[in-house]
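Note sheet for the following structure.
Read from first to last, the chains carry the letters A, B, C and D; within each, the first residue is number 1.
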Amino acid sequence: MDFALTQEQTQFAEAVRRWVEKDYGFEQRKHIIASAEGISAEAWSALAELGATALPVPEDQGGFSGSAIDMMVVMQELGRGLVIEPYFATVFAAEFLKQAKAHFDVLEQVAGGEIKLAVALHEKQSRHDLSDIATTATKSADGYTLNGKKTVVLHGAQADKLIVSARTSGAARDKNGIQLFIVDTNAAGVTRQDYRTIDGYRAADISFTNVQVPAIALLGREDGGWELLDAVSDYGVSLLCSEAIGIMEAITSATLEYLKTRQQFGVPIGKFQVLQHRMADMFMEMEQARSMATLAAVKVSSDNAEERRRTLSAAKARVGQAAKYIGQQAVQLHGGMGVTNELPVAHMFKRLTMIELSLGDTDHHLARFVAQPGFKNAA
Amino acid sequence: MDFALTQEQTQFAEAVRRWVEKDYGFEQRKHIIASAEGISAEAWSALAELGATALPVPEDQGGFSGSAIDMMVVMQELGRGLVIEPYFATVFAAEFLKQAKAHFDVLEQVAGGEIKLAVALHEKQSRHDLSDIATTATKSADGYTLNGKKTVVLHGAQADKLIVSARTSGAARDKNGIQLFIVDTNAAGVTRQDYRTIDGYRAADISFTNVQVPAIALLGREDGGWELLDAVSDYGVSLLCSEAIGIMEAITSATLEYLKTRQQFGVPIGKFQVLQHRMADMFMEMEQARSMATLAAVKVSSDNAEERRRTLSAAKARVGQAAKYIGQQAVQLHGGMGVTNELPVAHMFKRLTMIELSLGDTDHHLARFVAQPGFKNAA
Amino acid sequence: MDLNYTPEDLAFRDQVRSYLEANLPTDLQQKVLNHKRLSREDFVRWHKILAKQGWVATGWPKEYGGTGWTPTQRHIFEEECARAGTPAILPFGVNMVAPVIMAFGNQAQKDYYLPRILNCDDWWCQGYSEPGSGSDLASLKTRAERVGDHYIVNGQKTWTTLAQHADMIFCLVRTEPNGRKQEGISFLLIDMKTQGITVRPIIMLDEDHEVNEVFFDNVKVPVQNLIGEENKGWTYAKYLLGHERTNIAAVGRAKRELQFLKRVAAEHHKNGQSLIDDPVYANKVASLEIEIMALEITVMRVISQDSGRPGPEASLLKIKGTEIQQRLTELMVEAVGPYAQPFDPAFLEGETEHSVMNDDDAAALAAYYFNFRKTSIYGGSNEIQKNIITQMILGL
Amino acid sequence: MDLNYTPEDLAFRDQVRSYLEANLPTDLQQKVLNHKRLSREDFVRWHKILAKQGWVATGWPKEYGGTGWTPTQRHIFEEECARAGTPAILPFGVNMVAPVIMAFGNQAQKDYYLPRILNCDDWWCQGYSEPGSGSDLASLKTRAERVGDHYIVNGQKTWTTLAQHADMIFCLVRTEPNGRKQEGISFLLIDMKTQGITVRPIIMLDEDHEVNEVFFDNVKVPVQNLIGEENKGWTYAKYLLGHERTNIAAVGRAKRELQFLKRVAAEHHKNGQSLIDDPVYANKVASLEIEIMALEITVMRVISQDSGRPGPEASLLKIKGTEIQQRLTELMVEAVGPYAQPFDPAFLEGETEHSVMNDDDAAALAAYYFNFRKTSIYGGSNEIQKNIITQMILGL
C-alpha cells in the first residue's frame, strides 16, 4: 500500500503548476474566454511542450504511456488552474482510440499536440443516459452513413475530429446496436453551432446529415460499442474527479485565506466558530472526495468491469457531493465577494457545479452503483 | 385567517398542564413504567375528570364533540408531559367508531373514562403498509371468524376492546376486501403478549385464533374498510404530530436552559456560536413542524380525501424530519447528560424517535404525498 | 383556529387576480416566468401600470397614497403578483427610503419625494454597504463634512443594486468620526447626477450587471437632503432594516417556481421515464414542496400575530425563504443536467427569441442558480440572521 | 501509488482470518453480530484467548510483549476482528494506561502492571471526566493530598466506563490547587478495592449499565502509585489522548454492519417489494456505503503518512467514523420501522434466546441506535474535534 506519488509525477505536477502560474493566470484566462475561439493556441503548444498531450498516449505512438494516476496528477493541476483548454476533450477522446487500438496516426498527432479531439455523446433527449441514442449509422457500400444531432459537445467546434456514438440497430436505450465512430469535423454534412458554456468553456451542438465515414471509422468490434463507451466514459469520469480535486484544493485554500484576512466586527471572520466549523466541514469533504478520486484513478483500469463501474460511480457521486458543498460554502464564506465574477472563487464554483452534472450527476451514479450486482450480494 | 386558540382551548391546555406538573412528574412516570401494568389507573381517572376522554366523543354520546384542533391542544400537552397512558390508543380507536357511526355504547364508555381501547393494524410483514393484511375474517352464520396475528399493538394488553383490520377477500395489499372489526380482548381465541416499548409504553402481539365476532362488530359498510382505515389513520397521524410538537417544545426549552446554565471553559456553553446556531436551527425546525401540525389538524376533517391525504402525509413527513433533528441535537447539546436515562431529554428523544416511525415514517409519507394526483397535476 | 381566508379576503384575491390577468403585459410576464433579465424600462413600465391603479405602495398609509390594506391583503396581493409573474416593484424607493421619509423626514421632503416615488419619477438606490463593512454595517467610512449649507461627501459605497439606472441614492454617511461607530452616522439623500459621483459595475458570477460600486469625490449635497437629525442616521437605518423584510419569505414565487420545476422535470428523463416519476427525484421535490407549504403557514402565523410587521421572526422567514429559493434553483439545474451548461447571455437579455441550443427552459437555469446564491448573503447573511434568532428569540 | 496490500500483508491477513475462524467462540461472535450486550466474563474470555496467541497488544513494542506489527498489519488485524465480530479488547488497560506506564512509569511499575494488563489480570477503568469538566477536562477538581507516603484522594469521577467490573482505575487528580488549571494535575493508579471508593451506576438511555460515577472519600493511595512526576499529569494525559484514537474510524465494523443492514433491508418491505430494492432507501444505503469506502481510503492514507500515529487527522477519522456508525444505526431502525419499538432487555442481556416479538434482528436495533448517540459525544465531542481541525490543521 503506497499513496506516494513518484518523483516524475511530482515533477510533472510542478511543471504544469509553474506554467499555469506564469502563463495562465486569472487575467489571461479571462482574455481567452472572451476571445473568438475561446481557447488559446499558445496554451495548447505549452501543454504539448510540457508533455501533457503525449502523457496518456502509448509509447508506440510517441507518447509516455501515462497511467490513470499520471493523468490524475495532471488533471488536478489543470483543475487548480481552471484551465479551459480542450485538454480533457482531447484525452477523453484519445482514450476511445487507445482502448479500441485503432487510428494510431491520430494518437500520434495527439501526442505531438497537432490535433484536438472532442467527444459527441449527448443528445437532446438523453440527459445522463449515454445509451439513449437516436443518431443512426447505416451501413453503406464502403462504410457508414451517420444522421442525427449531438448536443453540448465540449469543444466540439474547436476539435479536428470527433468521437460520435450512433446506433446501427436497436431502440433508444438498448445496449445492443451502439457503435462509436471517429469523424472528421470538416466532413461533408457536419455542421456545428459553437457556444459558450457558463463555466468558461466552449461547447457545440453538432448535426450529422448523411455524413459518410469509411468502415475503419468504426471503433472496436461491431456491436461492442456499448462496452467501449461504458469503459471510456468511466475514464472520463476519473479525469473529471481529479480535476474537481484540484479545484477544491484551490477554492478551499482561497476561502481559508479569506477567513484569515477579511475583518468584520474588528476580528478576522475566521475567528467566528460557525465559520471555522464550516471550513472544517469543507476540509473533511475534500479529504473524503480525494480518497475516492484516488481510488477511481487506481480502479479505472481494472479488468473487472463491475468493480470498475462500482468504484467509478462511487467516486463520481462522492466527488459530486463534495463539489456542491464546497463550492456553495466557499461562495457563502466569501460573502458578497463570492458572488462576483471578479474573484476566482466564483469561477471555481461554476466549474465544480458543471463537473457535478457532467458524465452523470450524483444521483445517476448512485443509481448505477446500486444497479451493480455487488450492491446487494457483496459479503 | 385566525391562528388563535379559543379561551376554552387555552384553559383546557392549562388544566392538563397543571395536572401533569402536579401528578405526572418525571419520577411518577418512572414508577408507572416500572409497574406491572405499565399504566396508571389514577392517571386515567384524572384524564377522565379533566374531560380529556370525553373531549373527542360526540355530544350525543356524552362527550364534548371536540374538534381536531381541540385534540391538538390536548396532545401537545400530553406530549410535553411525556404521558404514556393509553389515551392516544383509546381516542384513535374511538375515531373508528365515530367515523363508522357505530357502537355508541362504547363511545359513551370512552367519554366516561370507563373503557380503554387499542388499535391492531400492524402485522409482521406489513411494516408501514396498513393494507398489507394477512389476518382473515371469514363470514360465519351470525358474524365473522377472525384468524391472524397483529403485532406492536400499542396498549393492546391494557385495552378492553380492539379495533382490528382483517381481510374478507383479496390478496395482501389489495385495497378491496379490507374490513375493520371491534373485538373484545377477552373474547375466546384472543391471546396477548404484553411487552415494554423502548419509549416507555406498552405494546402487545395479539393472536386471533378462530375468534367469533357478531355481524355488528364490522365497522362501516361492507368492503369499505380501506377508506375508513385510511381516513382514521390520518386522524391518528394528526394526533401524533401534535404530540410531537409538545415534546419538541419541552425538549427545545430544556436544551436552551441547559445551554444557559452549563459552564465549560469558564462560560455557559450557550456562548459558543456553533451551539447557538444549532439551537437556532432546532427552533426553526420546530416552527416549521408546528405549522404543518396545525395544518394537519385543520385538514384532517376535510371532505376532500386527496387534500386530507396530501396534507396529513406532508405533516407527518415534516414533523418526522424535525423530530429526528431536534431529538438528536438536543441529546448532542446535552453532551454526556443527554445519553443517560436520568434526564427527561433522553426520554423525549426516544419518544420523538418512535413517533417518527409510527403510522408511517417520513419516507412512507413522502411517497404517499407523491402518489396523490395533485403532486404532478397541481397548478 | 381558522386557516381559511374570509369571504372578503377571497373577493379581494379575485379582484387582484382579474386585474393582473387584464393588465400584466404578456411580454413582461414571459420574461419573468422564463427567468430572463429585466431592463430598466421593464421595471418602470410595470411600476407605472400599478401606480395608475394605486397599488404600488401596499405598505404605506392611505394618506400618502398607499393602499391601506391589511397585512392579509398585502400578503394576498404579493402572492397573486408572484403567481402571475409580475416584475417586482423595486423596494429601494417604495419600501426602503419612503418609510424613513414618512417617519423622520420633514414636510417638504415628504411632499416632494413621496409622490415621485409612487409614480417612479425617481429610480432610487441604496447606499449602505461599503467595501470594508459587510455584515458590520455600522463600521462605514464614507465621510460627509458640513461646509456652509452643503455636505461634502467622500468615500465609496458598494453592492449598490441597479445604481446604473438610478436618479437618487439614499446614503448612510459618517458626519462624526469620533465616538462609538453607531453614533455619528447620518442619513442623506443624494442626486446621482451630482458632480463627483462615479458608478462602476460589479459583474456577478452569472455575468449579470445588477450591482455597482458608487464613488463619491467631493460630492456637494444640500443640507436640506439630510433626513431627520445629523448623527441619528443609525436609528433610521435600523428602522428601515425592519421594513426591508416584507415578503422576504417569497412563498408566492416559490410556489410558482415549484410548478415550473415540476414541468421541466416531467419533460426530462431518467432511466427512460420522466424525471418527476423517478422516486429519488420526486422525493426531493416533495420535501421541498412540503417545506414551502410549512413556510406558507409560518408566514401567515407571523402575519396574524404581528399585524404585518415581523420582529425577529423575520430572520426565520429570511433563512427558510432563501433556502427554499436556492433549493428550487438547485433542483432545476439538476433536472436539466448537462443542458444547464450552455450559456447564452443574448437570450437572457431578451435579444434573441430562442436559446442557442434550443432548450429555452434550460437555458436560463444555471445562471438563475448561480444568481440566487446571493440570497443567503445579502440583506444580512443567513449566518447573521441566525445570530439574531440566537440573541433576540433564544436569549443566548 | 499502489493501493493493494503486499503479498506479505495478504498472507498476514489470511493468517489472522484463519486464526479467528478457529478460535473465536461462536457464542461470543453471535452476541456481537446480533448487537447483544457483553458481560465481564465475555470480555475477559476473549482477552485471554488472544493473550495466549500473543495478539492482545498490537500497539506495544515487542520488548513489552507487544506484537511489533507495522501500522498496516495492525489495521489488517483490526479489520479482520471487526469482520469476524470479535468482542473488543477494552482500551483502558492495553491502549490507554499501558502506553503511559511505558513512557513515564518507573521500572517497578512496568514490571508489575504491564504483564498483568497483557493477561487481563486487572480490569482497568479511566478516571478522567468529572461532573463539572465535560469537554474542559483540565478543569478537574478531584484532590490528592500528600500525607506521608500516601495520597489522600477526595472527589468524584464520572462517565467511568465499566467501572463496576474494574480492579484498577487510572486517575487524573489535582495535587496543586493553585496556578494554571493544566498545571498541578497528577496521574495516579488506584486499586478499586481501596476503602472509600463507591461506584454508582449511570443508566444510559438504552437502559444499559455501561458507565458509572466513582466517588473517592479519603481514599489512601500509596505514593508508589504515582506515575512520573507530581503535577506533570496533564502532559501524560495529553500523550494518552493521542493514543486513544487508534482505530477510531472503525471502518471494519462499519463494513460488517453495512452487510447486516442490507440483509435486514432485504427482509423488510416497502410498497410490496424488498426495502433494499426501493430506490429511495437504496440511495441512502449507497451514499453510506460510499462514505465508508472513502473513509477506508482516508484511513489508509493517514496510516501510510504517519506510521500509524495519527495527528490532528485523527479528528477527521473520529468525526466521519462516528457519523457513519450513527447513520448505520439510523438506517437499521428505519429498515425495521415499527418493529423497532418493542424493548426486551432480557434478550439484549442474553437471558432469552428469542426476542419477545420474535424478530431477533429488529429487537436490538433501537437500543443500538440510542446507544450510539454517545459516539459523537465521548472521546472529545465532534464539536471539539472540529475545533481541533480548525486550530491544528486550518490554523484559524
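The rule is simple: contacts are C-beta pairs under 8 Å (C-beta built on N, C-alpha and C of every residue); 3 or more make two chains touch, one makes a residue touch a chain.
As the structure is a computational prediction, the values presented were derived from the model and not from experiment.
Any chain bridging subunit B and subunit C, meaning touching each of them, is among A, D; the list is complete.
Across the two candidate interfaces, C-D and A-C, the one carrying more C-beta contacts is A-C. Taking the mean of the C-alpha atoms as each chain's centre, subunit C and subunit D sit 53 Å apart. Our note on geometry: subunit B versus subunit D, Cα centroid distance of 38 Å, whole angstroms. Within subunit B, the positions touching two or more other chains are listed as 272-274, 277, 363, 366-367. Residue positions of subunit D with contacts to 2 or more other chains are 279-280, 283, 383, 386. Every residue of subunit A that touches subunit B in the complex is listed here, in rising order: 272-274, 277. Those residues of subunit C lying in contact with subunit A across their complex are 129, 132, 134-136, 139, 158-159, 202-207, 268-272, 275, 280-281, 333-334, 336-344, 356-359, 366-367, 369-371, 373-374, 376-378, 381-383, 386. Chain contact summary for the complex, subunit A toward subunit D: residues 1-5, 69, 256, 259-260, 270-271, 273, 276-277, 279-281, 283-284, 287-289, 291-292, 294-295, 297-298, 311, 314, 317-318, 321, 363, 366-367, 369-370, 375-376, 378-379. Residue ranges on subunit C touching subunit D, taken from their complex, read 278-280, 283.
Taken together, the subunit C residues at the contact with subunit B in this complex read 1-6, 9, 72, 259, 262, 266, 276, 279, 282-283, 285-287, 289-291, 293-298, 300-301, 303-305, 316, 319-320, 383, 386-387, 389-390, 393-396.
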